[in-house]
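Next come two complexes built around chain A: one with chain B, the other with chain C.
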Partner chain A sequence: MNRGGGRERVWFWFVAPAVALLVALNVLPILVSFAVSLTRYNPILSDNPEWVGLGNYAALFGKANEEVWRSFGRTIALVILSVGLEAGLGFSLALILRKEFRGRGVVTALLLLPMMLSPAVVGSFWRYLFNTDYGALNWLFDQRWTWTGSNPRSFFAVVLVETWTWTPFMMLLSLAALNSIPSALYEAAEVDRAGAWFRLRRITLPLAAPLLLLGIVFRAIDAFRLFDTAMVMNGNLEGQPTTFLSVLIYGRAFGGSLSLGEPAALACLMLLVAMALAALVLNLLERARRKTA
Partner chain B sequence: MKQRASWPALGVLAVYAAVSLLPIAWLIITGFKSPADATALPPRIFPGASAPENSLWFRFTFMNYRRMLTELDTVHYFLNSVTVSVLSTAASVLVGALAGYGFSRFRFRGSRLLQLFILLTRMVPPMAVALPLSFLYSRAGLFDTRSGLILLYTCCNLSFSTWMMKAFFDEIPTAYDDAARLDGYSRVQGFFRVLLPHSGPGLAATAVFCFISSWNEYAFALTLTATEAVTMPVRIHAILGDMGRLPWGPLAASATLFLLPVAAFGMFMRRHLVRGITFGAVKG
Partner chain C sequence: MQAAGLGLAFLAAGCSGKREAGSIKILWADWQPSAALADLCKLYTRQSGIPVQVIKKSWDGAFTAATFSEFRNRDDNYDIIIGDSQWLGLGAEGGHYLELTDWFPKNVAVNDITPAAVKWYCEYPKGSGRIFAIPCEGDAMAWAYRKDLFEDPGHREAFEGFLKRHKVPHFPLAPPATWDQLRWIARYFKESMPGMAGLVMVTSRSYDMATMSFEQILWAMGGEFGNYETYEVRFNTPQTVRAIRYFDTLLNYSSSGGRNLGYGDVGGEYVAGRAAMMCNYFAFLPPLLNPLENPDYFDKTGFFNSPIMVDGKGVSRRVTSLGGQGMSVNAHISTARQKRALELMKWFSSTEVQRLWAQKGGFTSNLEVLRSPAFLKAAPYNPLFEEAFGMMRDFWAVPEFDQLLAVTQRELCDVIQNGASPEKAAARIQVEHVRILERRRALAKGGG
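And now, the complex of A and B:
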């Protein structure tokens, strides 16, 4: 469709400011990061980076850097576990919320609260609830569990907070997906006396799938780069169950480390994975748009 | 077809709602507790004039709010958050609306590619660019300045605001553009005098989203500020270290002050939420 415009040159002035800003603050830093990743560079010792080619990348794969791969593993575990829980819980809640009952609007609104709050701020408060001596959680279970430091429970504490925060996101997308299913299909199923299980498997799930998938990939991208919750709940020491990739990069790049080449290489690798996930999201977004347009 | 919800289903929903809202309620009441009440077990949950021993009552106090305003210098950081969020939101919505309009109304070579590029920038992990950014910011004199954060947050939200505004402009008939032209406006004039005033709901929805994400942002605020331009999320986390062993009261008070206004604000935008989280692709 020709949207009344056509071939005017004036489009440039509409689009240019946005593109210029993004190039300056997104593309440029990425290029700088890539350039630094090819050097040995310590701004305190010398102003001149020393060219080492792919040396930093090779070092990341080396034995001395096992922490990088552990961190990568933890990050993947976090993505799978928390996004899985969010999708399961969110979809289940949406199945209930699509039915009719009094106060539905209010309940839906209240359930959305966690995802609007600053994760860094709420995460700081969660430390209180997870406190070993007087935390509400330990009191509830009548235990003296440690939820921080190198204890494996710290990982699950972060998963729990992540799930608490983002289940509403999946719930909302699930609701939109459910609402987009034509009710005629259910009426037809009724006529055929199809059971609830059949309706869920043959109508609801397949038709809701595109939007659900979109939500899952969106969440996966965000969980993959999780920083704030993990950082405020358990700090940035290396080797902890919550030292995810972003936390590791932060520790190495800003923790007074001597060399910037290696953290930059790590950042570039992370970017690469994120972009692969992004390609997936673009694809799904396009499909969702075509479906609901 | 609208079925009524069954009782067991409503029970499950009620339990989840209670569990999900409990931490928030806890946060609010902790802000009114003395350190002794905040660490008492069993937890004290009812506000009262005094706190008898081993009861569920705590002594209701404003002392955390007082400390927050006096010794913690919260006003400074709060104003930083307000300044940075408001200005970056305005900038992001304006630049995003321009670009969104451009992509909605004009056909040009590379339009599709540019749109994808803009969407892709949303997927960049902050920590993948934080180091070079702090580098560039130091050189440019933007490190630890509010302007630096405003610029960056504008950019962070741009991907979202462009796509969102494009989706909204796609719904405004081109008849408006034609009418503007018949009135003798140029494209740019028409955009500002006719199209923009007609996209009020879209602008509002986009603005709320941008505002909330700037308000809550932590990673860049942590790596690109030191003292002057520190915003509330960074500050509130720092209270944990500053206040000794029992920072919970002041922490909860600051967090309440910081979180609740924005949460209330977000509730009003519920209608647009689905639209927002899918970058305008799906109407809720």
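And now, the complex of A and C:
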């Protein structure tokens, strides 16, 4: 009994630091943020938050806050476009890299480079590449296009940068998924004289789907809260094509005089949406897994 | 994740260090006036033995961040803060600026200061008589123009023909008397000189830029943001829509990037010889007369104040956007430091020192200095500055100014940069301003 109790105590002490960190850095701030979202609070004006209940949430749904919904629309568009492109390109690259060829390891390692860079660094150097006057992109097309700020192109510039950065991640997951498919299935299909399209549709995609979906979930959640790249490339001004929800929240909370109530409410709503998104896709993932099993 | 981030910031924000300083530390933006003030304060140090340090922070966010951080942490890093006129409400209501209502009349010759300066830089709320600052750098928007182009006989003749072609009653190619004249002149240069902009104005989405250029047209057309005493928003009116449209059409005669220019960019376009006229704050005008900073046109530059706008009913108005800053004492420093800071401010506001301030390029609000022949002759724009005091108006100076500004900037820039509808912009600004000021309005009515 003593031995068992000792083991349990050891178990507790191994787990406790991680749990404490999680509570201190995630759970507690979320709770504080939720509490702030129920108040009118500007620490510059007063140390005492004023209770407004769900007033801040109601204000977000009012006609006087259209920018929030425009920003939400931009964020969803970014998620669909960038994650769609990343999944498509990543999977295609994985199909190519699955085949044996000379230097495959080097090519794979090089392709993984973008996702190893810090998003702030990525944003900074792409900002130079997109520069209207001396950017490499305009030099390549011999144009003076504006790729940043309030120009509609800035949205597509961020989609491009996101795709460039995170396609390797989808490629890596796809590669893992493809390698996990038993080769016997392909051999059997070959015996049955099944075509490439049939093999892709009936063997590769269904069996790779669970891992692919997992990647899509991760990326969708990540893209939904995109902040750093957009912020570095275009700043946090309201109404720009790259003022995504995270950027809007930051701008409203910390860009001016620290009126925190409404941005906190928006942050909590955003967290709920991200959680719902994750739950939805995880559910799909589970269904796909069951189907495959 | 954003929620967690906000919460973490909230928890972390409580930490601040308190420090007693031996000298007087002044926080201001990093620009020519702060360099002039640092220079002037050397004299104070010689006279009083108290070292004065002017801490300069860049306009692109660092100055705002340093000030608001000082406010938020109730910190005592700076003794004096020379904050933007729009921050007055935040500093006063938050208890960060020391109230000077009693001190002011006893230590500053109030009658020597232009009433407009007291109203816009010192008093909060407007009309309350409560004072939180003394005027430091007066500022307003004005225009610079290329005298060599305006006085060129060839251009004068061509301009006459241009007006005839467009069936516009004749007026000379000279500093414009009305906004319509200004628009025709800008159009003439834009159409007759390839690569030359008729005008450049500050139009960037950053901070307050496009709004500051626009609001002088808004007020001149009879529009307004609202009532600064009752907080009633009166933005969505036909005058406002006309003003937004007018501003938008003016920018047709700007440079190729003229719909997104910052304070510095405007001067850059002018100095590069790519604009016939430029509109900016007085504080940005002195470099235009400096051969080192404007080598090609320093001796070919003239100035004029924002012109008159005549509305459809024949009513004429002439307004300029107020800029500049008041000088306030940090309320979070010790009483001894407050006393020391107030002594410096008393010294600074004396007529003698204001004279020196003006000599160093500072824009004074002291009536005696403003009207003195020495000041009026010191620079070609000085008489215009004296005149501008009668034309100044400011944006909302309430603590929510940044939210009001963000909305105005967003919608205004959507019109001038992305072709959005002026009607929709005016309606959106109205709705959002009403929401932002809702509580303040209720309190003013006694209902909150």
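One rule holds in what follows: the second predicted complex is superposed on the first by the 266 of 293 C-alpha atoms of A that agree within 3 Å, B and C clash if a C-alpha of one lies under 4 Å from a C-alpha of the other, contacts with A are read in each partner's own complex, and residues count from 1 in each chain.
As a working rule, a contact is a pair of C-beta atoms (placed from the backbone, for glycine too) under 8 Å apart; a residue touches a chain by one contact, two chains touch by 3 or more.
Keep in mind it's a predicted model, so treat the numbers as computed, not measured.
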Once the structures are superposed on A, label A:30 by its partner contacts, choosing first (chain B), second (chain C), both or neither.
both
Once the structures are superposed on A, label A:149 by its partner contacts, choosing first (chain B), second (chain C), both or neither.
second
For A:59, using the defined touch cut-off, is the partner it touches chain B, chain C, both, or neither? Pick first, second, both or neither.
second
Of the partners chain B and chain C, which touch A:274 in the superposed model: first, second, both, neither?
both
Chosen between chain B and chain C, the partner touching more chain A residues is B
Looking at A:127 after the superposition, I want to know if it touches chain B, chain C, both of them or none. Which is it: first, second, both, neither?
first
One more residue to check, A:73. First (chain B), second (chain C), both or neither?
neither
For A:109, select first, second, both or neither according to whether it touches chain B, chain C, the two together, or no partner.
first
If you stack the two complexes on chain A, which partner ends up touching A:260: first (chain B), second (chain C), both, or neither?
both
Check the residue A:206 against both partner chains and state whether it touches chain B (first), chain C (second), both, or neither.
neither
State which residues of chain A lie in both footprints, the one left by chain B and the one left by chain C.
25-26, 28-30, 32-33, 36, 225, 227, 245-246, 249-250, 253-254, 260, 263-264, 267-268, 270-271, 274
Using the touch definition up top, name the residues of chain C that touch chain A in the complex.
1-11, 13, 64, 68, 71-72, 90, 93-94, 96, 205-206, 260, 399-403, 405-407, 409-411, 413-414, 417-418, 428, 431-432, 434-435, 439
Note: in the complex, chain A contacts chain C through residues 25-26, 28-34, 36, 40, 42-46, 59, 62-67, 149-152, 225, 227, 235, 237-240, 245-246, 249-260, 263-264, 266-268, 270-271, 274
Quick check on the complex: what are the chain A residues that touch chain B?
2-8, 10-11, 13-15, 17-19, 21-22, 24-26, 28-30, 32-33, 36, 89, 92-93, 95-97, 99-101, 107-114, 116-129, 133-134, 136, 139, 164, 167, 169, 172-173, 175-176, 179-180, 183, 186-187, 211, 214-215, 218, 221, 224-225, 227-228, 231-232, 245-246, 249-250, 253-254, 260, 263-264, 267-268, 270-271, 274-275, 277-278, 281-282, 285, 288-289, 292
Would you tell me which residues of chain B are touching chain A in their complex?
1-6, 9-10, 12-13, 16-17, 20-21, 23-24, 26-27, 30, 38-43, 95-96, 98-99, 101-108, 111, 114, 116-121, 123-136, 151-152, 154-155, 158-159, 162, 174, 177-178, 186-188, 191, 212, 215-216, 218-219, 222-223, 232-234, 236-237, 239-240, 248, 251-252, 255, 258-259, 262-263, 266-267, 270, 273-274, 277-279, 281-284
